[in-house]
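Got a structure for you, written out below as C-alpha cells; questions coming shortly.
The letters A, B, C, D and E name the chains in turn, as written, and every chain counts its residues from 1.
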Amino acid sequence: MNTGVPASAYLALALILFCIGLYGALTKRNTVIVLISIELMLNAVNINLVTFSKFGLTPSIDGQIFTLFAMAVAAAEASVGLAILISLYRNRKTVNIDEMDIMKN
Amino acid sequence: MVEDLLTSSPGLVNFGIFFLLATVLLLVVLGFVTYGILAERKVMGFMQLRHGPNQVGGRWGLLQTVADVLKLLLKEDIIPKVADRPLFILAPVIAFAPSFMVLAAIPFTDKLQFADIGVGLLYYIAISGITTLGMVTGGWASNNKYALLGGARAAAQMISYEIPLVMSVLGIILLTGSLNLNDIVYAQQNGWYILLQPIAFIVFMIASVAELNRTPFDLPEGESELVAGYHVEYSGFRWAFFMLAEYVYLFAMAALTTVLFLGGWLPPLSVLDFIPGAVWFSLKFSVIVFILIWFRVTFPRFRADKLMEFGWKVLLPVALANVFLTALIKELFKLF
Amino acid sequence: MELNDLLAYNWGVMMPEFIILGTIALLVLLDLFLSKEFDRKLFGWIAIAALISAGISVLGMLDTPVTSILDDTYRLDSFAKAFKMILLAGSVFVMLLAMNYNPKDGFSEYRGEFFYLFLAALLGGMIMSSSGDLITLFVGLELLSIPSYILAGMRRNSLSSNESAMKYVINGGISTAITLFGLSYVYGLAGSTNLLTIAKTLSTNVDSQHTYLLGIAFFMIFVGISFKLAAAPFHMWAPDVYQGAPTPVTAFLSVVSKAAGFIILVRIMFTIFLLTASDGPGSMPLLLKLQDYIAFLAAATMIIGNVIALRQRNIKRLFAYSSIAHAGYILVAFTSLNYLTFDAIWFYLVAYLFMNMGAFAVIQLMSETTGSEEIKDFAGFYKKAPVLAAAFGILLLSLAGFPGTAGFIGKVNIFMSAFLDKDNPHYVLASIMIATTVVSYVYYFGILTQMFFRPAAESKSIKIPAGIIATVGIAVAASILFGIMPNIALDFLHSNFGGFVDFLE
Amino acid sequence: MNLSYILTIMVFSPLLGILALAFIPKTNEKLIKLTGFLGTIPALLISLGAYAHYLAGKNLDDFSVRAEWIHFGGYKQMGEKFYSIYYELGIDGFSLLLVVLTAVVASLAAIASSMVKKEWKGYFMLFLLLQVGMLGVFTAQNLVLFFLFFELTLIPMFFLIGKWGYFEKEKAAYSFLIYNGLGSAVLLIVIMVLLTRTGTSNIALLEQLLTNPDAQLLRPISGDAKMGLLIALLVAFGIKLPIFPLHSWMLRVHVQAPPAIVMIHSGILLKIGAFGLIRFGMGIFPEQFKQLAFFIAVLGVVNLLYGAFLAFTQKDFKMVLAYSSISHMGIVLIGLAALNEAGIQGAIFQVISHGLISALLFFLVGVFYERLDTSLISNLGGLAKGMPVAAGLLLAGGMASLGLPGMSGFVSEFMAFLGLFKEMPVLAAIGCIGIIMTAAYLLRAILGITYGVPHREFTGVMDLKGTEYVPALTLLFLIVLIGVYPSVLSSPLHSALKSIMLGLGG
Amino acid sequence: MELLNLYQNNYLIVFVFLCLGILLPVVALFLGKLLRPYKPVEAKYTTYESGIEPFHDSRVQFNVRYYIFALMFVIFDVETVFLYPWAVAYEKLGIFALIEMAIFVLMLVLGLVYAWKKKVLRWI
C-alpha cells in the first residue's frame, strides 16, 4: 500500500529524531532529559524498522516484531534507569550528570 | 453517501464534512453531559430519598445544569500567582481533547460510526491514557500541595487500574481474533461476551470505574481529604473542562462497555432485530450509565492503600488468570 | 504451528540455558520466601552447581552437529559452545568472589539478589552466543546489559555505587540505541532479521548506495558494541563504573561481560559483513575493506587504556584501564581476520578470564581488609600474606604478558594472527600493541613495587577466606599451565570446535 | 648413553633450590644462604661435565633435546601449515662457554650474596630463578624459547635490584625494566615475523632457510625486510649490550644493584646482547650484517671512546666500572664488525673475559662497600694499607681489564683490533685511542684507591675473609688461565666460528 | 485505492476529532473572556492552603512509591504489547504460542510476586 509519502521521508525523520536524541543525550546535564533523549533515539530506530518492514527492499513482518522487542527493551531500560536515578537522588539530591563526580581523581 | 465520502480521496472537502459531523457529535455529547449530570443528581436524590434539583426549569429541574454551566462561564478567571502559567492553561485542554478523540472510534450502530479503525480497541486505550497526563500537569502547575497530591494520586491510580483494564479485554480479543470494535460486536451475534467472559466483565467494570475516577475510587479529588484534588486551584471554565472530560469519559466508557460486553447495537435475540440498533445501543448504554451512578450512591470511598493493593493484588492476577483460562478453553475446544 | 512441531525441535540443545533459567527462578523464589537471617551464601553454591551442570551439558554436546531450532533463531554451533564455556567458567569465579565479598558497609542484604541478577546477565550472554537472529541477539544483549546496570548500582546506599550505575545506564542506553540504529539499516537492506539470510542477501548486494548505508550501519554497530567491550570510542564509562561497582560486579564486567561483547561482535560482524560484497557480487568483502578503521580503533583503545592507566591511584580504576587495554589487544586479533582470529580471541579470553579473576579476588580481599582501594594501600602486602602476594604477582605478570604465563601465549597468538595476512600484515598495529604492552609494565610493576618494596603501615597477617584461596589458586595454576602448556587449551579448541567452520552453515 | 635430558636438568636444576628454600623458615639465615649456594651447584657440575664431555672429543649434539611444545592454528581441514614451536635445547662450543661462564659466575655470586642483609629467602629464590633464565637463554635452540628465558631474567632482576639495591633502587629497577622491556618487545616482533614468514623458529633451520636463496618460505622475505629485521635486532640487543645511546639504564643498575647481582648482570646478562647479535644477527642475516658492518664498527668505536672518556671523569668507582663496561662492549662490536675470524673470535673472547673481569671487580667493590659504606674513589684512597689482599686483587683485576698481556683482557682486545685493522684500519686506529684511555682511567681509579691519599684510617677494617676468597681467587685464576692458555676458549669455539664464517661467505 | 482512501479518511476523522477537542476549550475560554468580570485583588491570587498563608514551595519531593508504581506500570504495560498481538493471532498460532506465552507471563507473575513480597505494592 502506497500512501504517497516516500520511504525516504520516514527514514529522514528517523535520522533527524536520532540525531536530536543523540545530541540531547550527549549534551544535557539533567539525567531525566538524557534518559528521555535515549528513548527518542530508540523510537527513531522503531520508525526505521517499521518503515523498512513496509517499504524495505524486501518487506517482511520481521521489522515489526523487532520493533516490539525494541520497545519492550527500551521500557525495561528506562525503568532501570529511573530506579537508579531515584536511588541516586535519595543519596545525592541531584539529578545533574556533571555533579556526579565523586570518583574523579 | 457516507460510503462514497469515505472511499473518496481525502481533502479539504472531506475535512469540512467530517468537521460538521463531528461537531454534531460534540453537541450530542455535550447534551448527554448536561442531562447526564442532571440524571445523576436526580437518581442520587431518588436513592437518598430526596428530590434533587427541582427549581430551575420546572419540576424536573431540567435547566439546572444549563444554569450551572452559564454560571461557570461568567466566573472570574483566576490563575494563582505561583502557578506555572503555560502548563496551568494547557492542562484542561490535555485532559479534555483525548476524551473527545476516543469517541471517534466507537461504533454506535452498524451505520453510525465515525472512524472504523483496525485497531480500535488499542486506539481507545492508548488515547485515553493521555488524560492522566492532563491531570498530573494540572496538579503540578497549580503549585498547591493538595493539587500536587491529587495529581500524583490520579496518576498512580490510573496507571494501576489501566493494567487490569487492558488485561481483562484480552479475553475478548482472544475470542474475536481482532482489535476492531466492529468485529467484536459482530462476534457477539451468538452470545454476548458478558456471558462468555463474566470474569473479564467484572474486572473491566471495576477497573473502568477506577479509570473514571468515580466513587468509590474518586481518591484523586476526594473532597473530604484533598479538598478537590488536582483541580483545587481551577475555577470557571477551566475547571469545567476537567469536569467535562470526566463526563465525556463516562459516556465513552459506557459506550465501550456496551460494545465490548453487551453486543453493541445487536438485539439480544435475533427475533428482535426489527427494533433499530440505535435503540438497543442506547438501552444498553443507559443501563451501564445507571449502574455507574448506582455505584456512586452505594459505595463508600476506598482507602488509598486498599485501592492500590486491590488493583495489583486482586484484579491483575484475576485478569491474567482469565486470559489463560480463555486461551486454554479455546484450545481444548479446538482439540475436541 | 502445532504440538508436533513443538516437540520436533531438539530442545536438548538449549539445556544449558534451561538450567540457568530454572536456577534463576528457584533463587528468586528462595530469596523471597526465606527469612532475612538466612545466610544467602548457600545460593552461591546452588548457582555454582547450576553453572557446573550447565557446563557439563555444554561439554556433553561437543559432538552435536550444528543444530538450529525455533526457526533458526537459536543455533548451537562450535562458536556457541566454545564461548559459552568461557562465560560459564568466568561465572563460577564471580560466584566464588561474591560469596566471599564482605565489605565494611555490608553486602549480605544484597547477596541474594546478586546471584540471580548475575545469572540473568549470564543467560543473556549465553543466548547471544548461540543466536541466529538479530532479534535474539539484541534481546540477549539487553538481557545481559540490564541486570548489569542493576548489579553496578547494587549497593543502594553507597553513593559511588549509585553514580557508577547511573553512568553505566546512560552510556549503555546510548550505545544500545546506536547499535540498534545500525541494525535497523542492516535489516532494511536485507529484509530479514535472520543472520544467515542477511548474509546471503547482502553477499549479492550490487548497489553502491547500499554499500554506503551498510558502511554507516557497520560503524554504528561497532561503536555501539564497543561499549560492551569497553573499547574506544565508548570506553569512558569503564573507570567510573569499575570503581563504583561492588568488586564481584567489577570482576563480572571486566571478564564475563567483555567476553559477551566479543561474542556479539564476532557474531554480527562475521555473519553480516564478512560476506557482504562491497562493490557488486564477488568483490572484496566490506569487513576487509573497513579493516583499517577497526585497526585504528584497536590502536586507540590500546593507547588510551595503557597510557591513562599510568596515572591511576585507585586499583579498580587502574584495572578498568587495563581492561580497556586488553580489549584493544583482542581487537587486534579481530582486526586480523584470518583463520587464527577465532583461536586468538578465544585463547586470549580464556587467559584473561583466569588472570583477571584471580587479580580481582586479591583486590577484593585487599579492599576489604584495608577499607580502601588505593594502590598505595598494597604497601607491604608481601609481609601480610606472602603467598597471596606472590600469586598476585604472577597474575600481574600474566596480565603484562610475560613469557611462561597464559597472557604471553595469548599475545603471541594475537601476533601470529596479525602477521599472518598475506597481503596486508598488520605490522604497525602489532608494534603499537607491543609498545603499549611495555607501557603496561610500568603500572603492573607499580603494584608489584608497592607490594614487595614498600613497608606496610601495619603488618598483621590477613585471614584469607577459602573461596578466595580457591579462586586465586585456580587462576594462578591455570595462568601458568596455559602459559607453559598452551596446547591443553589449543588442542581442545582445535579438536572439538574444528576451526569454527560451521559458523556460517 | 642418552644425554638429551641433561640440558633440561641443568637449566631447571636451580628450581630444586627454590623448592628447598620454600620449606626453610625465613629466619634461618645460614641454612638459607647455604641452600641458595647449593642450588647453583648442580648446574655448575653439569656444565663442567659437558665441558669435559667436549674435551673428551665427543659430540655436543648428544645433548640436544627436541619435543613438540606449542602449535598454533592446528586446523587440518584448512590446509594451512602448523606453526609449531618445539621445546629444543642444545649447545655448541660457543654456548657451552657461555653456559660454563654463567654457572661459574652464578655460583660465585651466590657466595658473594652472603653480603645481603635482609630477606635472604626471597633473595635466593629470585637469584636461582634468574639463573634458570640465564642458562635457558644460552641453551635455547629456538627463538621463542630464547625469548621466554630472556624475559624470565627480567622479573627476578627487577625485584633483586628494586628490593635489595641501594638508595635509588626503585628508579634503577624501573629503568632496567622499561629499557629491557622495549628491547624484548622489538625482539618479539622480529621473532613473530620470522615465525609467521618461515613457519619455524628453530635457529639452525632459520639460518638455513634465510641464507639459502632457493629455500621455500611460507612467505618470502625481501632483502629490505631482512635489513629491517636486523636493525630491529640491533636495537633489541643493543639495549642489552648496551650500545651508546641506549645505555643509560645500565649505569643506574650497576650503581644501584646489590654487588652480587651486578656481578651477574655485568658478567652475564650484558653478554646476552652480544650472544644474540652473534647468533641471530650474524647467523640469520649474514648478508645484511655485512652491509651494516661499517656502521656497527662506528658504533663500537663510539662506545669505546664514549665509555672511556666518561669513565675518566667519574668520582664513584662503580660508575667508572659501569662506563668501562660500555667501553669494553664497544670492543665486542668492533670485533664483530671486522667480519673475519680474528675479529669475531676476539669479540667472543671479550665477552667471556669481560664477564670474568667485571665479576671480579664488582665483587671487590661490593666488599669495599660492605666494609666502608662508600665506593667513592676519594673516600677509598690508601686502601692498600687497610685491606692489602683486596687491594691487590683489585689491582690485578684492573690490569686484566686494561689488557695487560698474560691476562684474558689482552687476548681479546688484541684479537678484536687485529681483526678490525685488517678491514677498517682508520676506525681501528681511532679505536686505539680508546685502549689508551682505558689504561688511563683504570689506572687513575685503581691507583687512587690503592695508593691514593688516605681519606680515613682503615683500622679495624677486615680484609677478605673465609668464603670471600673463593670468588675472588677463582675468577682471578680463570682470568689468568685464559690469558696464558687461550685455547681453553678457542678450541671449543672453533667449530662455531667456522660455521659463522661460512655464513658470512668467507 | 479505495481501501487506501478509507484508511486515510479514518485517520482524517481522528484528526478532526483532535482539532475539535482542542478547539472547544479554546473557543469556550475565549467566549468566557468576553463575558466574565476581571477584578484583580491580591488575595485572589494566593494559593489555597486551608485558609492559612501558604508556606514554602509545594513542589515537594514525591514519595518514592509513586515512582515504583510507575515502574510496575511500565513493566506490565509492555507485557500487554506482547499479549495483544498474541491474542489477535492466537487462532493461527495454537498451542505453541499458548505455552510460550504462559512461560512469559509466568516470569512476569514471578515479578509481581517479587514486588508483592518486597512490599512494593503496599501504599505508604
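By our rule, contacts are C-beta pairs under 8 Å (C-beta built on N, C-alpha and C of every residue); 3 or more make two chains touch, one makes a residue touch a chain.
Predicted model, so just to flag it, every value in this text is computed and none were measured.
Asker: So which chains are sitting against subunit C and subunit E at once?
Answerer: Both subunit C and subunit E are touched by A, going by the contact rule given at the top.
Asker: Under the touch criterion given at the top, what is the topological distance in steps from subunit A to subunit B?
Answerer: The fewest steps needed to get from subunit A to subunit B is 2.
Asker: Using C-alpha centres only, name the chain that sits farthest from subunit C.
Answerer: Farthest by centroid: B.
Asker: Which chain, with its centre taken as the mean C-alpha position, is closest to the global C-alpha centre?
Answerer: C
Asker: Select, from all pairs of chains, the pair with the highest number of C-beta pairs in contact.
Answerer: Among the chain pairs, B-E has the highest number of C-beta contacts.
Asker: Among the chains, which has its CA centre at the largest distance from subunit E's?
Answerer: Most remote chain from subunit E, centroid-wise, comes out as D.
Asker: Could you state the distance in Å from the CA-based centre of subunit B to that of subunit E?
Answerer: For subunit B versus subunit E, the centre distance works out to 13 Å.
Asker: Take the average of all CA coordinates in subunit B, do the same for subunit D, and state the distance between these two points in whole angstrom.
Answerer: 94
Asker: Which whole number of Å gives the spacing of the CA centres of subunit A and subunit E?
Answerer: 20
Asker: Let me have the rounded angstrom distance from the C-alpha centre of subunit C over to the C-alpha centre of subunit D, please.
Answerer: Once rounded, the distance between the two centres reads 43 Å.
Asker: Which subunit E residues touch at least two other chains?
Answerer: Answer for subunit E, listing residues that touch two or more other chains: 8, 70, 77, 94-95.
Asker: For subunit B, which residues are shared contacts with two or more other chains?
Answerer: none
Asker: Could you check subunit C for residues that touch two or more other chains and list them?
Answerer: There are none in subunit C.
Asker: Going by the touch rule stated at the top, which chains touch which?
Answerer: Every pair of chains meeting the touch criterion: A-C, A-E, B-E, C-D, C-E.
Asker: Which residues, counting only subunit C, touch subunit D once they are in their complex?
Answerer: 339-340, 343, 397, 402-404, 408-409, 412-413, 415-416, 419-420, 422, 425, 427, 430-431, 434-435, 437-438, 441-442, 445, 448-449, 452-453, 485-487, 490-491, 494, 498-499, 501
Asker: Quick one: which bits of subunit A touch subunit E in the complex? Just the residue numbers, please.
Answerer: 1-3, 68, 71-72, 75-76, 78-79, 82-83, 86, 90
Asker: Flag every residue of subunit C that touches subunit E in the complex, lowest number first.
Answerer: Subunit C reaches subunit E through residues 1-3, 5-6, 25, 28-29, 32-33.
Asker: Using the touch rule from the top, collect the residues of subunit E that touch subunit A in their complex.
Answerer: Residues 3-4, 7-8, 64, 67, 70-71, 74-75, 77-78, 81-82, 85.
Asker: Can you check the complex and tell me which residues of subunit E touch subunit C?
Answerer: Residue positions touching the partner: 93-97, 99, 107, 110, 113-114, 117-118.
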